[in-house]
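What follows is a set of structures to go through.
Below are two complexes that have subunit A in common, paired first with subunit B and then with subunit C.
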Partner chain A sequence: MPSLETKLGMKAVRSLVRQRRTPACLSAALVSLTWATPLFLQPKQDPAPFADGTTTAGIHFVHQRGASVKKHLVETMGSGCAFLDYDADGWLDLLLVNGGPTPDSPTFTFRGHALYRNLGNGKFTETSAKSGIQRIGSYGMGVAVGDYDNDGYPDVYITGVGSNILYHNNKDGTFADVASIAGVSGSGWSTSAAFFDFDNDGYLDLYVARYVDYDYRKTPHCAEQNVRTYCHPKNFASVAGRLYRNLGNSRFQDVSKESGIASLDGKGLGVVAADFNEDGWMDLYLANDTTRNVLLKNNGNGSFTEMTLLSGTGYNSEGDAEAGMGTDAGDYNGDGKMDLVVTNYDLESNALYRNEGNWLFSDDRWLAGIARADHSLLGFGTGFLDFDNDGDADLLVANGHVLDNADRVLDEIRYSQPVQLFENKLGRFTENGPFQRFATPVPRVGRGTCFGDIDNDGDVDVLINNSGQAPTLLRNEAESGNWLLLNLTGTRSNRDAVGAKVTLVTETGSQTSQVRGGRSYLSASDLRIHFGLGTSSSVKSLKVTWPSGTEQTFENLKINQILRFTEPAVPVRQSRQ
Partner chain B sequence: MRLISFRNPKLLLLLLLPWFVEDPLRSDEAGLGPYQMGLRYLSQQRHDLAEASFLQALRDPAAPVETHFQLAWIYTSKGDWKKAQTAILQFIEKKPGSSEAQYILGYSLFRQNSYEEAVLPLEKAITNLHSSAEIRKILGLCYFQLGEKEKAEVELKTAVKLDPQSKEATYFLGRLYYTVNRFEEAQQAFENAIRLDSRYIKAFDNLGLTFDGLGLSEKAVEAFRKAIELSEQMKMDSKWPYLNLGEVLLKQNLYSESIKYFQQAVALDPNWAKAHTCLGKALLREGKKEEAKSRFLAAVRLDPGLSDAHYQLGQLYRKEGNVQAAEREFKIFQDLKQKSPTTNLSAP
Partner chain C sequence: MESVFGRIVEGRVTWARNRSAEATLQDSSRTASALAPRTSLTGGVSVIRSEYLRRSRYCLCLTIILLSQPWFLQAAESTIERIYSVAYEAFQQGNLTSARDQLIQVLKLRADIPEVHNLLGVTYDRMGNGEKARQHFEVALKLNPDFLEVRSNLAQHLVSGGNLQAALALVHKEFKEPDVHYLRVMALRRKKAYSKALEHALETTRLYPDYPLTHLYAATELQFRGELQQAQEHYEKAAALGENTPTVRIAARFGLASTLAKKGDYEAAMPLLRSIISSNTTDIDARLELGGIFFKTGAYAEAIRLSEEIISIDAQEKRAHFLLSNALRRLGRAIDAEKHFRIFQELEKTSSSTEKGKPAIYAKSRD
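Moving on to the complex of A and B:
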């Protein structure tokens, strides 16, 4: 297959040939040949792999952060987004969480959260008012999506400063707030949340990260160069996250204390649930701001053991805690183990912890090249994605500073910052040049970021909820390889199959992925498992290991299709000990 | 590298010179009293004899009050800051309006790391000697150490404005900007300092750090190499540029080359725990676990309070499967972290 560069080059040559047929164009061509490098000799620029499809998709939401003169910390945090198929029509819809006013915000009309239904033709239509999800609760932060009652329709959990809302999906396009009845209203400042089945009982449990103990009435006055700025998180005490166990009757029980979660200190922002030691129990990784990140091993008995220090995932290589924002787990080096990425503050670097097995991780941010990127950027939303379907996990990072007056008070650091796309080349990451050229001129204040295939064309699209701005829907237009998209439905396991592990073998090698809980920053992504297959023409074998322990193997699968696998009602093979 | 390395109080000498010239008791005649003898010895740079003479003079209750001042000067030049403080306080008790005395007091307190106490006398000195760039510089450094960076910036900028040729004030202004991550201004300040002294090793070294902060690693390497070149030419044995260059090279995954520079840093200061730790990290990246371990062990032996070294050692033990030893090191690491959380004032 000729490369895009070659094709463009030939097109340019044909263009010149055509010009020579008419005298008018001939002179133009001669000028071109005399005074400038001929087009076909100029370096070719690949088109960007993503295009901004926000407006054409019909998304008119603008995030409202309620900025006030009091500079409340919450105004800096932005909000999350989600890809979910709330009407179960096979097309990913999207949800954008809105911030809100603080007690000191100037008066404005708060428009609430926004739910958009995917029409399947590249367009979305807003259904917020009808759905009931627009309801204004506390200041909106994060979103988690999960079918907690296994009824086949995704439910939505929205976190905030004060209390959280659990929206039960009524299966008719509407939602009902059941947080109080379900026992998950929470309290304090909640941020990211993750649905995952920590006790493997077939029902999704819920982890809710919490940030700091914040009182609007007691916010201190902080300044940089005599200009009032937002306060550093060190001015506020941390609060522990909460773990809610799903009792299976649409009620949850707060098990933070007995699970060990309540005793963990940290300013929680990001969370990802994955099985890091492949024992069939989902573990947790928490990205904390200015306090150590935390890795928790699921003991399989309702409790967790902290593995942070022993694993080497809590600090940078100097032993310093960083400003963890977003996080994701994925297998970037193709060894079958879930590695970790964490976005950090400017002048720090984003962390990449390579899973060596046996709870050992290696901080490979420099080795893998992601730390060498621009130090002036402050990362929030992030995720592993194979944007070019070449069979490996690339990385995307949404950036944006927290100080809205950064342009005034900081050197060379800007409030609005470009998104970064890191291309994986044999375990080393380099920024994708065409994307860099695309994203740099349109910096935004990036925050919550979610990933999913909105047009079912086999590549991963991205949605970024920008703080105080319109969102960015990045439509994947990459020249890409073959693919497979798996929609897993649990029966004995939780219906969303969160925790399922899939290993796929093609003629070029094998890949592993897991259905993860949480991910990124304040956001929820498509739960379908996406595999880029590069030039592979078929899938030799594909093994699904369900959270229940049941294993299924499929052979000789066709490529470039969306496959639905349903867990057998009777165990095929128990692999868990 | 300590932030403050003010070792040459030349200006202090100039400041005090009027006292010798204008002393009403000064005499060249034979049969001088102990005070006059002290002055003579002082003018001959024979400080021990001068000190003895002044102390003898003080046995007489009628000794001139300036005797305390002269003694304070001698102690200042000897670096005996505590004694200088005591002597000058005795002088100030009798002559509280002396700006020069306030400066000596402030400076001696500054040198004893008593930054908060140093501020008031330095401010009093400025009242009458407002044109002194030197006092502004010392006051700026006091504010810096106290974490009052905005006040520090005002004083250091004033110092540079009053004496644009002061390479130290320019350098410290750069350090201030570097510490608060204002790299572009830091770069400008260090480049100005280098224009004032093209052989200013510290300025080149800090310019390298600034370029590293700006993500300009090639320029950082160039600046560090220049600092090393000057250090070798001048036989100054500056250890920091070797360590800083090693760290930049390590970030670029150039393990062997970084090891070379860390080894040179260790050779220049074998008791430098940080350099041993850095060397250990580079060796570990090259897969030389045993050598790395010996470096980490050396680091914790040399400086048991270096949390980073305990963290590295803990990681290494963990990878060896020695969980007990790893947990022991992590416990020390956590205890140290709780005692002294990271602060950016400790930057080189």
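Moving on to the complex of A and C:
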């Protein structure tokens, strides 16, 4: 006798099939009609706005994560990437952080991190060995880029499990590890990092997020359906991040305690530095995994005050702390204020906090459409970008599960996952269909993601470091509008102008952006400010507010060009209180 | 159209909706079980009395003794009734430890009353002790194989534990086919096969288009997936088809209201929530949803009022303290806000520790 399940199920199915069976001749007619449909009757396919240009660009790096049977959590969390012009030739180069072996990894040849020089002709060439940045140290996680000594060449900070490395740019294509001398070696499991000038003294300081207190020898045995898996972070204690103050003499001082950073509890993965209340002091937002995210107000006196609770950016609207991974700040609704995006775990939704001003944010993930996306995806790298140059901030999210055996232990959730591109349409986001189908047709295990215009053609390209896989370089091929790319150089402010705010007015409206520190997940993006201008034929005015408080206004600027602005040596107008 | 599972929906409305739509699904097994005692509810105590008397007939000696000692019978009966009443009251108030202790007291006096085992099973289930819950459901079923509520509870408990076959084996002819489908949907969710669960729920709506619960299940799945327009349509169907079944109607209205709120249509959501609140003065979820809308629209005083109402109903409701804290902060009442935030944090710690080991259908995949 069949089981009740079979009996009922089959009965229903059979009855349905009987009702809906289509005669064979009709089926054949339908099939032939479909095939015979002329091309002009088929709906027009929008072209994919990006194309995978990894291989054609000459990037052959494959991330090594050192997967072991012990399932050390570090093996699945990395790694990051960066866009930086390390040789100051005007073309963005790229850096891919490699993972490494853990004590229990099977033997393999670790190839170190990868630095690729942009040849300016669409090709990149690997210069890792020559640059000295390849050094194999701790397990590689994230990267921050900043000219901490204001010498005009970007320096590189690579975080890891154990100690971190500060590579000083020697201006000749090589780097020297100065972490110990500079006092930023750190300890424990460091993740994302951000260069930003928190005390506005003209030198970039450094925030380093840290994840959990992890000991390779004490990793617990965690399982899903009796299969060993990577452990939930709840199995490990959280550790506070670190804040290093740049003393201006190539030395940093750990000011975590004095600033209040050391007392914060959280499992830090993502960080973005931006000025959320427009008082001229850069604030911090930290995306934490399973503990509440943290928003810190810069008091302007070397300390920070936690604004998480007032702002409503620590939890979802139900009061649940989510699994924050990556984060970015950007003005998605065009009101001039920095909003926040946070990527989260599967079955959660990515968060979008709209800045209402006065440290109040509204969780608008549903209203803005972000929460309607596929809940089976686990987001890591993310960023606001105007991919189609239409004048508003779109969003990109790189996804990939943490469980490398997800396909086996979870029913529908996959380890490799697609990248998502959300197009902003008047403050509401809709997923760009052609992007997923054509630009990233093969799902990957996305992690660190960085943004920048690698070919100086006025649109934003994207690089994703995929865990245990080759990276994805997405060249922007969107049919897009006009643009402007601003390269800011500070003199009284930090040379990278991190913290500078730019407001631009065209005939169609105004836009605001800031040079942010950190962003995304474990990654560093192009510091140039990109504006999509849509159909605007000129820029009526453009105001730069430098971190020093100096303001400069420019009028009637031509579009579709890269502009370099240098901060006046003498203050023009002090706007900061 | 009545069914045992129909009462599950009643459970959702009554207390499972004290969570988000997702969490409601997550805990549908708890919810379902929890309903069963409430369905005998109209007179839980009188049920016990009749059961007590019925079983007494089988024990001649005892009958003689009892007949000869009517005061004894009355006293014992009255004691059981009293303790059960206290237990039930505690259960309703969410005081599970007390409910459990009282029910164990009842079992010490009489161990063969299925309703007591059922309620104890539900209590254990809510406390996260699945093994004990299962044991008591099984005893209850053994004592009364025709006890449909407990059969439903045990079936859903088994599904939550991933044992669909055993659950289906428990399901008798008297269960409606859509309910069996619902068990399958639950089982798929348990396996984190959300697309399949949704597919199955939608298929069930096609097979049984006039059965309101199928639309309700499908709408809940759709809402979770962010398919708000479709969710709205199914909630509307469920509400229309279940117009004469208060439990279904209320559940559908709540689902519809929360979907509309997610879409930003606050004007349409608010009257629905108000109607639920007016029909159930202790409804927490509708108040939370409405409070959330007030908060979003800047009506902080109203959000505070609703949060305080919820806290007066259930002081342990952490989301009410969270909402209250946020609304108070927005009105500049930082000290009060801080106080409620601390309570929220304490409750957060407690809930995360007590929920350990509970079946979590919508758990994060790494939980």
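Note that the second predicted complex is superposed on the first by the 539 of 577 C-alpha atoms of A that agree within 3 Å, B and C clash if a C-alpha of one lies under 4 Å from a C-alpha of the other, contacts with A are read in each partner's own complex, and residues count from 1 in each chain.
Rule of thumb we're sticking to: contacts are C-beta pairs under 8 Å (C-beta built on N, C-alpha and C of every residue); 3 or more make two chains touch, one makes a residue touch a chain.
These numbers come from a predicted model, not from an experiment.
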Fit-or-clash call for subunit B and subunit C when the two complexes are aligned on subunit A: clash
Touching partner for A:230 - first (subunit B), second (subunit C), both, neither: second
Partner chain in contact with A:406 - subunit B first, subunit C second, else both or neither: second
Which of subunit B and subunit C A:68 touches, first, second, both or neither: neither
Contacts of A:309 with subunit B and subunit C, given as first, second, both or neither: both
Which of subunit B and subunit C A:318 touches, first, second, both or neither: both
Residue contacts with subunit A in the superposition, subunit B compared against subunit C: C
Touching partner for A:367 - first (subunit B), second (subunit C), both, neither: both
Against subunit C, colliding segment of subunit B, chosen among 23-31, 59-67 or 185-193: 185-193
Touching both subunit B and subunit C, residues of subunit A: 309-310, 312, 315, 317-319, 347, 360, 366-367, 371-372, 375-376, 410-412
Residue numbers on subunit A that touch subunit B, as the complex places them: 225-226, 309-310, 312, 315, 317-321, 347, 360, 366-367, 371-372, 374-376, 410-412
Parts of subunit B lying in touch with subunit A, wherever the complex brings them together: 150, 181-185, 213-215, 217, 250-253, 281, 285, 307-308, 310-312, 314-315, 318-319, 323, 326-327, 330, 333-334, 337, 342
Interfacial residue positions of subunit C with respect to subunit A in the complex: 20, 22, 164-165, 168-169, 171, 177, 180-181, 184, 188, 191-196, 206-207, 224-228, 262-264, 292, 296, 318-319, 322-323, 325-326, 329-330, 337-338, 341, 344, 348, 362-367
Interfacial residue positions of subunit A with respect to subunit C in the complex: 3-5, 8-9, 12, 16, 224, 229-232, 309-310, 312, 315, 317-319, 323, 345-349, 360, 362, 366-367, 371-373, 375-376, 401-403, 406, 410-413
